[in-house]
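Next come two complexes built around subunit A: one with subunit B, the other with subunit C.
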Partner chain A sequence: MAPRDGAPPLLEVRNLRVRYRTRRGAVHAVDGVSFAIGEGEVLGVAGESGCGKSTLVRALLRLLPPGAVMAADKLAFRGRDLLALPDRTFRREVLWKQLALVPQSAQNSLNPAYRVGDQIVEALQAHADMTGAQARERVAALFDIVGLEPGLARRFPHEFSGGMRQRAMIAMALALEPPLVIMDEPTTGLDVLVQERILRRIAEIRARVKSSILLITHDIAVIAEMADRIAVMYAGRIVEQGSTAAMFAAPFHPYTLGLQNAFPSIAKPGKELISIPGHPPALAAPIGGCGFAARCPFAQPRCGDARPPEVAVGPPGGPAHDAACVRLADVAEIRRAAREKSTWRS
Partner chain B sequence: MTAVLRFLAEQWRIIRADRLGMIGALIVGFALLVALLAPYIAPHDPWTSLRAADGRMAVLRPPSWEYLLGTTSLARDILSQMIWATRTTVAIGLVSGLISILIGANIGLIAGYYGGRIDEVLMRLTDIVYGMPFLPFVIVLIALFGRSISFVVLAIVVIVWRTSARVIRAQTLSLRERQFVTAARARGAGDLRIIYLHIMPNVLPLLLLYTAFNIAWAIITEASASFLGFGDPDLVTWGGILFDLWTSGRIRTAWWWFAPPALAIVVFVAALVFISRAYETVANPRLQER
Partner chain C sequence: MGTYIARRLAHAALTLLAVATILFVLFRLMPGDPTAQVISPALDGAAQARLKAAFGLDRPLWQQYLIYLANVATLEWGQSFTTFEPVARIVADRMVNTLLLMSAGLAMAIGFGGALGMLMAWRRGGPLDIGATLAALVFQAAPPFVTGILLLMVLSYNLDLLPSAGMLTPGSKLFGLWEIVTSADFLSHLVLPTAAITVYYLATPMLIMRDSMLEVMGSDYVEFARAKGLSPAVVMVRHAARNALLGIVTVASLLLGFAIGGQVVVETVFSWPGMGKLMVEAATRHDYPVAQATFFMLATLVVGLNLLTDLSYGWLDPRIRTGHAR
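The block that comes next holds the complex of A and B.
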């Protein structure tokens, strides 16, 4: 599960669980998630809506709503135990300085009452010992990084287009050069051309800033383009994770196979898109066996018995690749069958 | 300093965009000028009984060149009384209006932002204050502590903050769910920073609207209390002048005594409402279409 052999992980998460208490009982939105991100690495987390991606982000940043309970065996950032940090210390020393967020629907994340530059200056002065002039200089440099005219810092958010606001939010997240930037659906809600420009911009930024990125998205294409490694989430768990190349070339989990079928491919134009029937489960009760069993065309009775463990499936000595499925032995047959549309009829 | 100037310039722009708001601002500006210059422009002492040239007391004289607004039954110059009353009334209005918006805004912001039990307690407190009838409350307060300006202000403040608290709470409730609040929290902003630096600027138009409202209400309330004789006897206010007129029994004959304070109250309160209307177009942009 180590991201790269030898390198100590930047962020290490082991068995993270988040439970929402509701009137109809607890909802296990994140149910035992473990992963690690190395220095300078981009980890993409993919999965359908409702499989716990956003809850995972909120848990990492302590932005969970009051009814949520979080627990983990380990949550360490560069070896520092985040679970033991009091809220105040976490807020002042970790958030934004170490761990910055480009929020979901970042277009609406600017305060309409302030000029865009002033918002970044306000946050800079709150976190770092900077004079107004230094902070404004920093804003100009940041705007340059994300490809915005420095003069735009004096504009209000409503004078920005969606893509510009998105870039301003990325600039704000990069302001203190945090080691880890979490991007929650960074391109959702933008038109395809703007998406492409933002992605190219993020790639350029990666060359200039050494931050790691945790990229959360339901868009496999975005992940394919950006991520070094991919983790696929389903029903609050990671069902498969591995290097991007391995995950695309030889996926093991039926859910990963299903996700790939559902997205168009440039390599194979004309490929028929196949969707996975059904919806992610409601997670009101903890799932005993595999979360995907109910929708999985390859499910067997034993899938419901116990939660399948994450098993290393990569070639020995190669990059780590884990999958949690009881039928890993039958993977060749499953891969072949997964290409047929008739397999995925419910 | 530049931020303050920029802020004031912005307020001026908002008010000037609305013609009635502009008229309101001129009236309020004039009243403030009179209030500031009262000692220099009042022709007589407001409490001195004046003697006419022939040596007789100038009792109940209608307006003339000598007494521009006439005199009272105690031979006091009404113009001088009006000028001094402007000073006290505007001061009482500003002080109690501003204190009440301070209380109302903070209670609204805190109740709306934190929600839950804090909201519950603060809003039930607001409900209780809503249940307090103003005049009986003032009468009891004055009966207990005596007729003094501080208790008049206190009574006004206790009653007037409630509406602004409710309205600002409602606005805060919707603002705290907005994305930019989450984004600020993800940047490590604490509760106070979020409330006062991120949410409050967004309720500012509403806040200024209710500041104007509260000052207007404070002035009406003060006038009612003074007219009923619960004002400070050592100060002359618009309501106090009307009270003197009422007790003199000349209210049906001495029109020159009645008209100035009555008009002053109506015009000044209307001016404040005009200004608040200008802010309402900012708080509620749909009004601009008319």
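The block that comes next holds the complex of A and C.
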């Protein structure tokens, strides 16, 4: 999972757990997630709504609501232990400087009372020693990078279109050239043309800015276009992760197979779309076995016994590829059956 | 913004016209003949008619109305029936006194209420949240003449900390508005009536601020401000409270409408030489010109403060300023 050279990965997360305390007991929104992001890498996290993606983002940024409890075996940024940092230090030294966010609701994340440029200046001045003039100059440069007229910095958010707001949020995230940018559904809610333009812009920016990206989305197509590696989340766990090429060419987990069936493919136009019946489970009670077992057409009685461990499935010496399924040995048969629509009828 | 201001101004002018018209009708519908105060019914008919003609009361009603409007517009209110001073001069001083007390009281109520509401929402369910809600509701339920008299009893009569009545110590040699409002004497007189108004009006802005803060705190831009790594105080004040203020401003303009009632009572309790007290005096002495002027000028005061609120609304919400409806 981690890049295999000696340097520590940019971000390393081991066994991250988040519980929400509710009146009906604890909800295990993130249930033992481990992954790593290398320098300059784009990791895509895919999964349906309600599988814990947003909670994962909040946990990494320490934005969990009161009542949420987070724990992890390891949470390190360039080798620095984030778990040991007091809130104040985390806020001042890590947030935005090291770890910036393009939020899910970019449309509503700009404060309507202030000019867009001033909101970026605010982020700059909170973390960097800059005069107002320097900060405004930087905003103009950032607007240029994301393809906005520098003059627009003096406008208010309500004078921006959806695409412009999204670009402004990307400019804001890049303000301090953080090593890691978390993009939470960066194209959701935009029309297809604007989506395409934003994606192209992000790709262009990647060529200029060496930031790593943690890309959270339910849109497999966006991930296919941008990510170097993919982690598929289900019911608060990562069920499979590996390089984008391997994940598309030879997925191992039935859920990954199901997700791919559900999205149109540019490579295979005319492919029939097949959806996975059912919904992700409510996570009120901890799940003993495999989280997907209840919806999985290939489930066997033993799937409910114990949580399947993440097993390396990639070719020896090749890029890491892990999957958490007890039927990995039957993968050839499962892949064949997964292509049939009748398999996915419950 | 220009058209917004123009529209607000036109609204204010229309409101005042309506107030003037209602006053015109009201004073002519009142039981008893107000002119009897000046034109004695004991005079013979010809003398009465001559006097009526001298006052223009023999003309048709619409002519009287137009003359009245012209007089209102030029603040020509005639003479007091009791002191025979020009009404405009009597009212002018009182108006300033009322404005001083009213703006001090309302500013405190809105300022403290807003600040308290902000902190209450930030620590929702905490001791401040619960305690302040209870206290504010108790004070709001207590009529201002009760809190006013209690304040007088404790702080003035029992502890002798503050003066009990008036705006200045009698015989004070202060001259000019600036000298007066900056004098310790005036300020010590101001404390108690201001306190009475503040606690009476505190609850509404406080609870509204708390409510709109809670709403704003759940919004995406407040969470995003946290994600930017801003300190909690900056997030609370600059991002949450700044937007929650809109709610308070809306309430402030509603509050102003009610402010007059409390103002009249508080001025009477504290013998504050303002419009409210003047209104009560004029009404009990059947001094109609003065009463008419006080009614109209108090209405003007409310309309004027309302206009200010509307304009600050435009300043607070850029969407209104730039004429974008959303």
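To be clear about the criterion, the second predicted complex is superposed on the first by the 342 of 346 C-alpha atoms of A that agree within 3 Å, B and C clash if a C-alpha of one lies under 4 Å from a C-alpha of the other, contacts with A are read in each partner's own complex, and residues count from 1 in each chain.
Assume contacts are C-beta pairs under 8 Å (C-beta built on N, C-alpha and C of every residue); 3 or more make two chains touch, one makes a residue touch a chain.
Remember, it's a predicted structure, so these values are computed and weren't measured experimentally.
In the model built by aligning both structures on subunit A, subunit B clashes with subunit C. In the superposition on chain A, contact of A:His158 is made with subunit C only, not with subunit B.
Within the superposed three-chain model, A:Trp96 lies in touch with subunit B and with subunit C [touch as defined at top]. By the document's definition of touching, both partners, subunit B and subunit C, reach A:Leu63. In the superposed model, A:Lys210 makes contact with neither subunit B nor subunit C. The superposed model shows subunit C running into subunit B at a single listed stretch; among 21-29, 39-47, 57-65 or 183-191 it is 183-191.
In the superposition on chain A, the residues of subunit A contacting both subunit B and subunit C are 61, 63, 91-92, 94-97, 101, 103, 105, 108-113, 122-123, 126-127, 172.
By the touch criterion stated above, subunit B contacts subunit A in their complex at residues 116, 178-180, 182-190, 193, 197-198, 201-202, 204. Taken in their complex, subunit A has these residues touching subunit C: 61, 63, 91-92, 94-97, 101, 103, 105, 108-113, 122-123, 126-127, 156, 158-159, 172. Remark: subunit A residues 61, 63, 66, 88, 91-92, 94-97, 100-101, 103-106, 108-114, 122-123, 126-127, 169, 172 touch subunit B in the complex. If you check the complex, the residues on subunit C that touch subunit A are 219-221, 223-231, 234, 238-239, 242-243, 316-319, 322, 324, 326.
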